[in-house]
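Some structures to go through are shown next.
In the two assemblies presented below, subunit A is common to both, partnered first by subunit B and then by subunit C.
For the complex of A and B:
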């Protein structure tokens, strides 16, 4: 029997359904994202378009294949909601009583010493409903508290970012260089983590001078070794030991290296957005680059 | 193609084939399929966020994301009060700035009526309105304020809290709770008319 037409129809429906689901629908939903306002500081637009030098740097990043070892996407496995008591007010007993009556996990047993050493996290990893209830109870009893929304996950523990990456983060990237390998650390938030341009240049020229365990290749060809004419250049890298150029010479970055560093410093992905809620006060402190596994 | 030598044999083969094709799908398989579909629908409903572009893993629904949004200043009553004030209810006369309209509607910024230690009089004014002359910050105003008793206790408490605690307006009075509004509403339920300033000054503000 001849099933040709039926097979064709089935394949056509199958392929077009997946095209609608995987291509068209996401395009309609997030294909036209525009600048949004930061949800905490509403006067702040996010993201900000890259300045020209950083845009050139994106091309250097692309040309040198940085994307093969570095990703630019932060994962998040959950969100913790904490209640932080910041001011106890005039009647600590009433505050503790209000918290116990609110039935949010504070009991007579663990309420002792609640008001010592403020600001203090009094409730950790509770539901948002309970957190708001506790916060209201505390306020009605005359004390002050705040509800912290803290994203958690291995990437965030490593200090690579503050929250999961969303489509909004990439609207000025052409092409988007998400990366899939993590031979090196994630760079989604490197402009905040390592904001020192001198450090970045030194790291590109000789990675192991600043990070001894680094396996990154040296990008010496983005720099120039030249004879010092009169005064040494203010751009010259402060190299020592084996890495130092011969006497009378200096190592200065070429335009590509400067552009690449401008691009790296433009990588910020930590603004609290509607789809990525986060309390700024609670964000983990920026730590140095690490590629070690999360604790 | 040659025609079959023995037509009866062909008929037998045909009937065997049609028998195989006509075998019924077992009923348990159909039930199982619908159970799987049902479970899938439930799973999608609780985890899929209904295809919203604003719901990313690890979140499951728009409500969950909405719940985690920061409340500016962390004071929900203040925020609710601000929304009520600018609905516009109060803002229509007293302006969004709280400064009122010179000669017509008194200011709320730094007003001694607003900043009284106990909110009894302010709650009465908001609930039943005000009629006749009133002196605010040395200026006499003679106008009428409409009653706002159609608002809930919560809304009235919030809007008075917003006005009394608005530091930008120079106000530093205590917050008002819905319970206080409810108590005053009970007390004045036999007083259907708008208050006058004179009448209010006779009432102890603590009541």
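For the complex of A and C:
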């Protein structure tokens, strides 16, 4: 039997199959994604390219291997549809009655106190159909409500993001550093979660002064300890105790540290996209518009 | 080399051919294995520095070159590219020469290729420490090092193929198919990954997809093919009988090519859902690979105990097969979305990776090296005691790394899935497990030093054996004169 040809064929099929599958096909499907007006309702351009300093910071992030401890991707286990009553109108009794009649889960028992403390979520985790029915009932009774689309999941509960990450979020990244480990917290939205540049710099220089139990390495090499000449620098870190420089000296961030912080602050992936919907404030009008033909 | 040992000419033709084959493989194997051992020592020193940082995060904080995010990838790259791949190439070359009953074609060129490879690894590891990492896991070596590696691999690969082509025994057996496929495989995935990630980078998450594809093809397909080729070959050599079934091995071969190549896209990835879905299905199908390997090895070994001439290499190989089964099974479990939510982003994956790369592949290579080197040097290994010591150190080291990481990883995963548990608490819960792994790293380091010492011991004895005959002649001429007086 001529095994040589068979092996060659097998190897070729094996390689080319997975190559076509995971190298070529993704290029065809999402390899040409560009900035788009993909955001729900607002039609804003998304994503926005990073400014130059933040791009330099991405290089610092890559060079120092931040990716080995920090992921940049949010997961989500599902999406909840909630109905929020924003205004009760002139006839609360009619609103409650309309809601009960709409048979969307509001009953006499849980309708008490419905109008207290608005805006208030009156229906949680319902089907989109029921949500639309409820908001129509509410509107017909002279009140106002909105339908909230709320992504849920562990990462979102931790406050690491508002929705799961999607391919669109990364089109300006090179390298894309999704990360495979969470020795430290996820950073997909760190620019929103911790937007204070001073805090970030201090945290990089001496992590344990701001998070006592942190095991993040100190990145002292991104900073410079220098003699104060005349006025202390406005950039100098407010260090105390063990971390304070000797008298007459100050610790200032080098360009790399500033760039890295600019990059960290540029990290946010929370725009409501069609592939990752998320509630937006102006919902009622839109809901009404889409609701009527669907009836 | 040892002219005294065989004067009679009964086993003869075959014996002397085998000697010639071994002798022809000496130059490249010496370079590949010796430098591999040095890279292992470097890797475990870097790994130890990385692991100390978990206990005292301010350790070496002033030194950019030794920050965790540089030392850790430098350590893994020294292991992957410094030891694992060259060792695999060396072992593969020797198996191909032995099975083909032919001398290695132009061994000096392969040795030269091995030196370029080492230069590439050196440049690459320094590049990573200097902050030039590509940022893609398992592919950190910068572009300029990758070019050297690619050239070196091409040289080694072509001359290995020439050796295969020059074979006297025409029928190809299982280890040869595995090695042939692996030889073609690496340059394809390596060049694809570098061209599309560092030379002409593609857009967005397609980068990550290619990086995952590369990592899975390196760690499961390439290591799987080469490691299993070595396991099958040495098991049948040590048991002194043929592999139970070539057809079962063919099955293993096909399932690796068709399924393992598609594994590696994690469930959590922000990519179109069909990719992780296909990846999950393919990874689950690698269960067939695991089962066929288990059955083949069991049937080959299980028919009563063979008389292995020297049990030490066999121990390494046996451990390698067991680690293969466990780590690939962990990989299958990891691919199931229901379980992946508890293991993703945790130490469990690190444990799996370590069991596969080190427990399976490196251990199999250790066994192979201890089997091959005494033959290639035409020397009895002076040091079976130290080989056994290396075995036990490596075994304990792996267990001390993999078990705590797997258990700690699962605990970490459960805590990560409870948002009420503060993140700092999650992190703290894995610290004690990490302490155990530091101890494991120390044991591995000692083991690597023993490997290096064993190879140096062989080399020294080999050098002496080339010198002694002259000495002995000189002595015999002098002695009578001495006796006379």
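One rule holds for everything that comes next: the second predicted complex is superposed on the first by the 254 of 295 C-alpha atoms of A that agree within 3 Å, B and C clash if a C-alpha of one lies under 4 Å from a C-alpha of the other, contacts with A are read in each partner's own complex, and residues count from 1 in each chain.
Please note the rule applied: a residue touches a chain if its C-beta (ideal position, glycine included) is under 8 Å from a C-beta of that chain, and two chains touch if they have at least 3 such contacts.
Everything quoted here is computed from the prediction, not taken from an experiment.
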Just checking: does A:121 make contact with subunit B only, subunit C only, both, or neither of them? Give me first, second, both or neither. neither
Applying the touch criterion given at the start, work out whether A:157 contacts subunit B, subunit C, both or neither, answering first, second, both or neither. second
With both complexes overlaid on chain A, does A:175 touch subunit B (first), subunit C (second), both or neither? second
Subunit A residues touched - subunit C or subunit B, whichever exceeds: C
On the A-aligned overlay, A:136 touches which partner chain: subunit B = first, subunit C = second, or both, or neither? first
Touch check for A:145: first (subunit B), second (subunit C), both, or neither? first
For A:233, decide between first (touching subunit B), second (touching subunit C), both and neither. neither
Looking at the overlay, does A:55 come into contact with subunit B only (first), subunit C only (second), both, or neither? neither
Give one of first, second, both or neither to describe whether A:167 is in contact with subunit B, with subunit C, with both, or with none. both
Does subunit B (first) or subunit C (second) touch A:29, or do both, or does neither? both
Please report the subunit A residues shared by its interface with subunit B and its interface with subunit C. 26, 29-30, 164, 166-167
Touching subunit A in the complex, subunit B uses residues 51, 53-59, 65, 67-72, 74-76, 177
Could you pull out which subunit C residues touch subunit A in their complex? 53-54, 57-59, 61-64, 67-70, 72-73, 131-137, 171-172, 177, 180-181, 184-185, 188-189, 192, 196-197, 201-210, 212-213, 217, 253-254, 256-258, 261-262, 265-266, 268-272, 275, 278, 341, 344-347, 349-350, 416-419, 423-424, 427-428, 431
For the complex, which residues does subunit A have touching subunit C? 3-4, 7-8, 10-11, 13-15, 17-19, 21-23, 26-27, 29-33, 62-69, 71, 73, 75, 154, 157-158, 164-185, 207-208, 211, 213-222
Subunit A - residues contacting subunit B, complex: 25-26, 29-30, 39-40, 42, 76-79, 81, 128-129, 132, 135-136, 139-140, 145-147, 149, 164, 166-167, 272, 274-277, 279
